[in-house]
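My questions will all concern the structure given below.
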């Protein structure tokens, strides 16, 4: 038995040691960290697809200052614990630039490590204001904040002169954060918020909630969260003949909501970043995605593409691969990207990131309302 | 009047959910009654039933068949066949080899099976929520049109009736048929039943098949009622159903029914009068409370400690 | 017999097809706003058919195959060897343990930080599994909500540091004690429940704690979690690049060495190592004390133990509380390592994984549990190339382990006196 134990121990420690040994290469490594597995893997797909495309195109055009980009893809499954593990693994591999993570709760602990290690991180998807609140030098994002998106939605609802508004959220960082921002905006505008309530993400039965909304006789319902739950709420509201107008953030604005809610999705209001894939100047890029059989319309595809592009251009302009130099160059320059002109403030947030209110239709299309 | 209508609406919501919990709980309670193990993978069997039903419905739609009874019956039969086979296979592969070992061994095996099946469907069908067509729409409503109306949809009525029919048939089957009698014998004393010439392996397989078939019924009904399915929804529903089974007294079929209804109503009342956030706290709290005063559940038989 | 085999084999093959074909053979995909059915790729269908044929052949020739396997030399070459002498075995075991601990002390200085960080996670799991081992393995109480105590430990530290600036070293005992208190308070009413009822109640308790942490946004930050949890300090020396708290000095400046972030990682690892060793030693000691014997006695036969005058409640409660205490320990280290905690780190799956470690290692066996903790944490990391299949393989491995080696990697061996058989 003892020999077995010994063998096992040596085998295990050897394999651990092996894992750490990354191979050295002359290329610039870009870590791409997001969920490949887990419940939000579908959003991770968008992120990876955008980043891969950018790296491919940049390399095809001769790389960055003659050096090729190499992607190091890691899976955090949107689990904070795994996010820390993969962040340390990226440090190991000698990665100095990271595109990621997706979920704010993963981005937050991982960014602690990146900042400490002098790694520059650009998140294409995490919208929590907390991430850039901590005065970190190397943390950037290519997406708008909940605290920007919430007021856009709140002001829009207030402009419609509603009698009573209900706000529902999924008790997750993203959903609750944005719902709180909407509530505060509405209160400031003097609108009565009749109901502010959380649901459990992953739940399927919303009949009690819908009944409650009906009883409260609200004419607008704001939902902070993602499409699976809102799709069900819409459908179950339609069945219970609740006639309120629903509104949600970009997390609900994808075609999946139509497959669940069907006709009930007609008239849903969604705040979204402007449809980047519809912009005339992006059509070549959109075609490149379509040629690969990928869909560029997801909310995080082009933000992720932009994150890679910003890192590459930052390196070029700084003429250095030192993350601190690149960060300085990102802060001081303005960049022309598929998501528009990007300029950064001190915190690492974009100076302007626009959200547009769209009306969603039952065939999955959308039209801007203002 | 308003408040009363509201109360009734929440009651109806709760009873609907409760009766589907009961359908799933049967699988837990029967397996526990016979071999004394928690079949953690049962929720996944229910999820697979729902997926099969959706595949059948989509397939029929692609073939251009639109007559509702045909769609429902074909979907139901497909789901029951696949789920039952799954139930049988799971028992064969993961539980039979470990039967009779320490209590924890089958439980771990079951948790492993549950993780395996979840990821099996996840890999085959993706992790996304998939919309489930409603098929049965419309309903009755009560109360004046200008204020709050209580409504019962045809779907809710279908769920009540199906659950009731399934429960009645199952009770009759257990109390009257030969296999049912054998089931009861095995659940009282497996060794003795074996000595008396009952093929216990067969009876245990039958239990798994019946439980899985009922879970498939619940899968189809709930898929239509809620409106979407994903690979993880079996686990959550399974947990609730298991709680219902324990609440009512595990091993007892009327207990599963009662436990399911109580749990469903408790959940919908919490959401209705308190807040949806505390739904699960209340249902687990209720479970703990009931077990403290009645350690074998509401309708469970007090266990005699054998020496 | 052959005919029966053929029938059975056919049946099994058909069942394989029925359970695999609908789910694997058809893909539900969305085209625009509709759900449509697509046939899977040809090779998937080919694999399904192949699996059915394999099952058919295996079942058909099952007797021959098992016969052949029976003739083959035993898989475990040590199976038939004489058991080693008691004293010799104990000596060897303790030498081995010392060697491992010494190795573990120096190992981090030679490997990369990723490995050290992962090793810290392994040690946290070792602590958790050792603690749960007391509850499940020794006392035989099935606890499916163990993660609740882990959460109590982690949140105690996070909250104390956020509101009162309490440091790691003060929070460590406090977190563990508070977790133990929770164990005591919960254990008191529920421990009179038997077996599986206890399992579901503890599961419910675990969920309640998580939901409360998620809902009490004002106190715990709800789903946003708590960030900025400080790292442990060494006699007031901080390991960060900059000193965060006034009055502290920084480690690299004090010793006049260049800043390296590895110091922090290695320091945390060493803390985790020391705590894990303490956990192991304390529990090892307890196992040999009357209370440890009482746990095992109660697990083996409750009625007999009670008739010998053991108080059922006191014995069970002690196991529950001690298990919770070490979970609190592990939680504090976890919070410090992460720097950020949120309720999603404390879900049921975590409880299931800890339980799986205990069972895979061999219930009651400390060495086994440590090995299993290493295996369960590291194997998925090694198999990252198959990351999509990771959880699938994890589930299958749990089932296969239970079927083939239910006693665990290293089964527990009781110290006993053997009577020599008369020749």
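Order of writing sets the labels: A, B and C. Residues in every chain begin at 1.
Heads up, the rule we're going with is that contacts are C-beta pairs under 8 Å (C-beta built on N, C-alpha and C of every residue); 3 or more make two chains touch, one makes a residue touch a chain.
Note that the structure is a prediction, hence the values are computed from the model and not measured.
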Ask   = Relative to the centroid of every protein C-alpha atom displayed, which chain's own C-alpha centroid is closest?
value = C
Remark   = Quick note, more Cb pairs in contact for A-B or B-C? It is B-C
Ask   = At what distance in angstrom does the C-alpha mean of chain C lie from that of chain A?
value = 32
Ask   = So what's the Cα centroid distance for chain A and chain B, whole Å?
value = 36
Request  = Please report how many Å separate the Cα centroid of chain B from that of chain C, as a whole number.
outcome  = 30
Query = So which stretches of chain C touch two or more other chains?
reply = 30, 35, 214-215, 388, 391
Query = Of all residues in chain A, which are in touch with two or more distinct other chains?
reply = 171, 198, 256, 258-259, 262
Residue list for chain B, restricted to those that touch at least two other chains = 126, 128, 130-131, 277, 280
Query = In the complex of these two chains, what residues of chain B are touching chain A?
reply = 2, 6, 9-10, 13-14, 16-17, 126-131, 133-134, 137, 139, 141, 148-149, 151, 153, 155, 222, 226-228, 230, 232-233, 236-237, 267-268, 271-272, 275-277, 279-280
Query = How about chain C: which of its residues touch chain B in the complex?
reply = 15-16, 18-19, 22-24, 26-28, 30, 35-37, 136, 142, 189-190, 192-197, 199-201, 203-205, 207-208, 211-212, 214-215, 302-303, 348, 352, 355-356, 359, 363, 388-389, 391-392, 394-399, 401-403, 406
Ask   = Hey, which residues of chain B end up touching chain C in the complex?
value = 32, 36, 38, 48, 51-52, 54-55, 58-59, 62, 78, 81-82, 85-86, 88-89, 93-94, 97-98, 101-109, 111-121, 123-126, 128, 130-131, 239, 242-243, 246, 250, 277-278, 280-281, 284-285, 287-288, 291-292, 295-297, 303, 305, 307
Key: chain C - residues contacting chain A, complex   = 30, 32-35, 78, 92-93, 96, 100, 103, 107, 110-115, 117-119, 121, 214-215, 217, 222-225, 227-228, 240-241, 261, 264-265, 337-342, 344-345, 367, 371, 374-375, 378, 381-382, 384, 387-388, 390-391, 410
Ask   = Which chain A residues qualify as touching chain C in the complex?
value = 1-2, 4-6, 8-9, 12-13, 15-17, 19-22, 36-37, 74-75, 79-81, 84-85, 88-89, 91-92, 105, 108-109, 112, 116-117, 128, 130, 134, 171-173, 176-177, 198, 255-256, 258-259, 262, 362-364
